[in-house]
Amino acid sequence: MDAARTTLSAGMRTEDKWSTRRRSQWSQRTYAYGLLAPALVAVMLLVGYPLLRVVELSFRQGRTMNFAKIGDLPLGLNNYRRVFADAGFWNSVSVSAVYVAGSVALAFLVGLATALLLNTHFPGRRYFRTIVLLPWAVPGVIVSILFLWLLDGSFGVINSILRNIGLTHGDVAWFVNEQTAIWAVMMPTVWKAYPLITLTLLAALQSIPAELYEASDIDGASTLQQFTYVTWPGIRGTAILAALISSLWIFRDIDIIFASTRGGPARATETLSLYTYNEAFQFFRMGTGAAVGTLMVASALIIAVLSIGLVRRDKF
Amino acid sequence: MKPVIRKALLLTTALLLALVLLFPIYWMVMTAIMPASEILARDPRLLPDLNQISLSAFFDVFDRRPFFTWICNSLLVSCISTGLSLAAAALGGYSLSRWRYGLQQLTGASLLLSKLVPTSLIIIPLFILFNVTGLIDTYIGLILANMSVGVPLATWLMKGFFDRIPKELEQAAMIDGCSQLQALWHVILPLSRPGLSSCGVYLLIVSWSEFIFARTLITSDSKQLLTVGIQSFVGEYQVDWATLMAAGTISLIPVIILFLILEPFLVSGMTKGALAN
Amino acid sequence: MRLSHLTCIVAASFVLMPQPAPAETTTMTTWQADEPGFGQWWREAIEAYNKSHPDKTIAMQQIQYKDYVNQLTVRFASNRPPQILTLPTDGFGTFADQGWLTSLDQRVEGTEIATNWSPLQAEMTWDGKIQGVLLMGYGFMLYYNDRLLKDAGIEVPTSFTEFLQAVPKLTSREKGVFGLAAVTTEHPTATLDFVRFIEWQGAKLIKDGKYNLTDPAVVKAIENYRTTVGGNAPLGNNSTIARQLFVDGKAAFLIDGPWMYARIEETKPEIRAVLKMVKAPFSPTLGGASNSIHIPAALSEKEKEDAWAFIRFIAQPEWQLKYTMITSAPAGMKGAVTPEVAAAKPQLKTINDAVIGAEPIIPNVKAIRANSNEFFAITQRAALRVLSTKDPVSTILKETQAELERAIPLND
């Protein structure tokens, strides 16, 4: 196979020089940008334009609920000043950090475990693969209510099970207790997030050539060594991408927290995105909402750029 | 380790994992088929009491609401936006994979920028944009909105899949006289079936469960989507647990069918097969 | 292009093409189309109106209550307001403050709304101008499960003190039964409970124009809130779940507005027989405006006229009587319940009487009404802190007072 490839490449090289001269750089660029255009237009138009308006809004002061009249308002940094001075904002920063990091870590562990399992052969694997991806498809409103119900302090089945095993006594109101609330809202989040990680990691695992495993078997490698030296390098890039995408989604999401605790008790689960929503829609302070939103986008951008830098070093 | 023991061990692990991960779905189905008195107990039974199983909640779902209309609307919007998004993502992913210009790669990376923005923030300017262009309460508007949600990751996923296919393959085809695009269509795309299937699954799920745009952009009852419609089972005064959970169960069925159909394609045929050709 | 492709494209374009709107229709936006009782009344009123006005049509547009105020905020902020809208009271102040609603003083003059309407119509005045018509004002009711009370040998309480004593005797966790169903999560109704517990124990939320949360009487009242609600109601319930639990027979008491009665009427006969309602036997009589109907400011004169025509129509005595009969909620018009109807359906009289002399539960202070969401957010958090932590109540109230003074200063 290698010989055939070398001949092909040798033949290609002379062909290459000739065609590069024929095909101008210009037509190459046209292809590159042209093929990228539909994706770009679809996304930029619907996200880019509103985002620009929101960023503009964050620099306007005064009554900001009438979007049509935004242009009349004076420019200034008041919104940002107000945001940085608000203890609630900093609380949201730490809540978001814990919520995102915790959820992604747990979801990644579950996703990796299931992907590794699905990559092996056992009877019924086909059905297992289908059902393991199901949580992803359950509509958000149902997930929120389902977990609200499962973890209900007085009538929840989880509490019932825990009580009967003897791990807890009485009613544990997971969503109402300041210490447990953040972990309680992580449960539905992890549940909804892990399937995507499973899907992407499985695809990456599938493309690791079987010869590499055979070779390591011949060399007498243990399972752990195989994972460290064969599996992990092969999926590292995809793993980082999957973790990044999940983090971004969890960072932005408010549906799960909104339906279960609304940010309570006493702001224990008030993430940045919930804080933004409250500022804009509860308190009608669109300007501050826009400022926090802009800060969120900026910080997520920095993290994303760093992660993509890590990813591009790998061929995935 | 003997193969039989290994398989048994794997199967057991799989079953345990499935038990824990799918317990919520199991409970959802239980709530749909058991009477409220059983489910609302302090210590509800974990296994269904076969005498008390009732499927009436499932019929109620269709009786009390235009559930069938919602499903059809959701299917329509999801399928069309998945198709269009897949096309855009495949083209974009191909571009990012085969050409490496600085600006172009940067533009591709900026696609992911859209994933950083909380939707509640952009909903008002978006609404204005749609209002001005007359796209409020139209399927086209919603399809476009759905595309903006799914295309970013799908493009990067496709790029990843294309990266794994050696350039030599289409260059060989081009020597034989194909244009770049023909090579893409006839040679590369058939090989990227696992990639396209994975992306297709992702895009379909994203669009099927999309909520915020559907809620804001669709105003007439006849065009209502499933995700927004299901919310109506949770009123201000009552939660009809059985019907709500029945609705949730029913909404999983199209997805299960999709998974079962696409499942063989999710297995990659890439490893040795393609290169051997 | 193949024929099948062409057919697909043509079919798709028919489906995707925006539909033209029917002419001369005024759309009313509400959340009540799905609600027991209310939905029916609206449908009947709209049908009757459309029949008697052949050149005008009213259509109803439903938005779920959960998203209602948000969705309307998006529409007003984008300058695409609805043509007529109903609003829950906590939305009214904030919308009026933005200048989004039309003043109705001239239109209201001389009509029954000016002469014969519930005194709670005063709640619809903002900045000295009438900006809405009250659809429902209410007084709080005490709902109880007769069977649970009889089983425990408890009499229906006649004062708040008796109520506080009765609740713990009715809680039995092993049986899965609670003395009280209440909102015990971050939800606006938690604020209502918070304020009710203060006022019904004789203390005052605002005294001499200042917040009064550090008053020892208020501290004692909230300590009772912690023991009674925190100890006897399931935690983590929003208003929907609390109401559902009561209807499912898991709680002995529920304090709620009269609208709950329509819900109870829908339950199965065995349950319906034991769920009873009285006017909340606590003083002062508390209640408030519940929801109202408005016309946006950004409409043309013609649209405003059309909208007002419908509002005039439903304000007629005939439709006000139908309102209370169908929804079992108090009508906006005074004395809508005629003696014959009162004899046939005594609970309608109870409900309408509960409004008499009712003070609005959220004080009619402009600063609070304009920042109603902020007020609710701060007090909800305080209520949840009281319920879910062991921090001393006096500390919690002191900090809450400081927050209120900073966020919603009362001195104009």
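Just so it is clear, A, B and C label the chains in written order, and each chain counts residues from 1 on its own.
FYI, a contact is a pair of C-beta atoms (placed from the backbone, for glycine too) under 8 Å apart; a residue touches a chain by one contact, two chains touch by 3 or more.
This one's a predicted model, so the numbers in the text were calculated from it and none came from an experiment.
Steps from chain B to chain C, minimised over paths through touching chains, total 1. Distances between chain centres, each the mean of the C-alpha atoms, put C farthest from chain B.
More C-beta pairs touch across the A-B interface than across any other pair of chains. In this assembly, the C-alpha centroid of chain B lies 38 Å from the C-alpha centroid of chain C.
Annotation: 38 Å between the Cα-based centres of chain A and chain C. Centre to centre, using the average C-alpha position, chain A and chain B are separated by 15 Å.
Those residues of chain A in touch with two or more other chains are numbered 67-68, 154-155, 281, 286.
Looking at chain B, residues 40-42, 124, 128, 231, 234, 239 sit in touch with two or more other chains. Among all residues of chain C, those that touch two or more other chains are 77-79, 173, 176, 241, 250. Interface of chain B with chain C (complex): residues 36, 40-42, 76, 80, 123-124, 127-128, 131, 134-140, 143, 215-216, 219-221, 228, 231-232, 234-239. For chain C in complex with chain B, the residues that touch the partner chain are 12, 15-18, 31, 34-36, 61-62, 64-67, 71, 74-75, 77-80, 173-176, 239-241, 243-244, 247-248, 250, 259-260, 263.
The touching residues of chain B, counted against chain A in their complex, run 7, 10-11, 13-14, 17-18, 21-22, 24-25, 27-28, 31, 40-44, 46, 84-85, 87-89, 91-92, 94-96, 98-99, 101, 104, 107-109, 111-122, 124-126, 128-129, 144-145, 147-148, 151-153, 155-157, 160-161, 163-164, 168, 171-172, 175, 180, 194-195, 198, 201-202, 205, 208-209, 211, 226-227, 230-231, 234, 239, 241, 244-245, 247-248, 251-252, 255-256, 259-260, 263, 266-268, 270-272, 275-276.
Put simply, chain A touches chain C in their complex at residues 63, 65-68, 148, 152-155, 170-171, 173-178, 261-267, 278, 281-284, 286.
Interface residues of chain A facing chain B in the complex, by the touch rule stated above, are 1, 5, 8-9, 11-12, 15, 28-29, 31-36, 38-40, 42-51, 53-54, 67-68, 110, 113-114, 117, 120-126, 128-143, 145-147, 149-150, 154-155, 157, 160-161, 163-164, 191, 194, 196, 199-200, 202-203, 206-210, 237-238, 241, 245, 248-249, 251-252, 254-255, 273, 276-277, 280-281, 286, 289-290, 293, 296-297, 300-301, 304-305, 308, 315-316.
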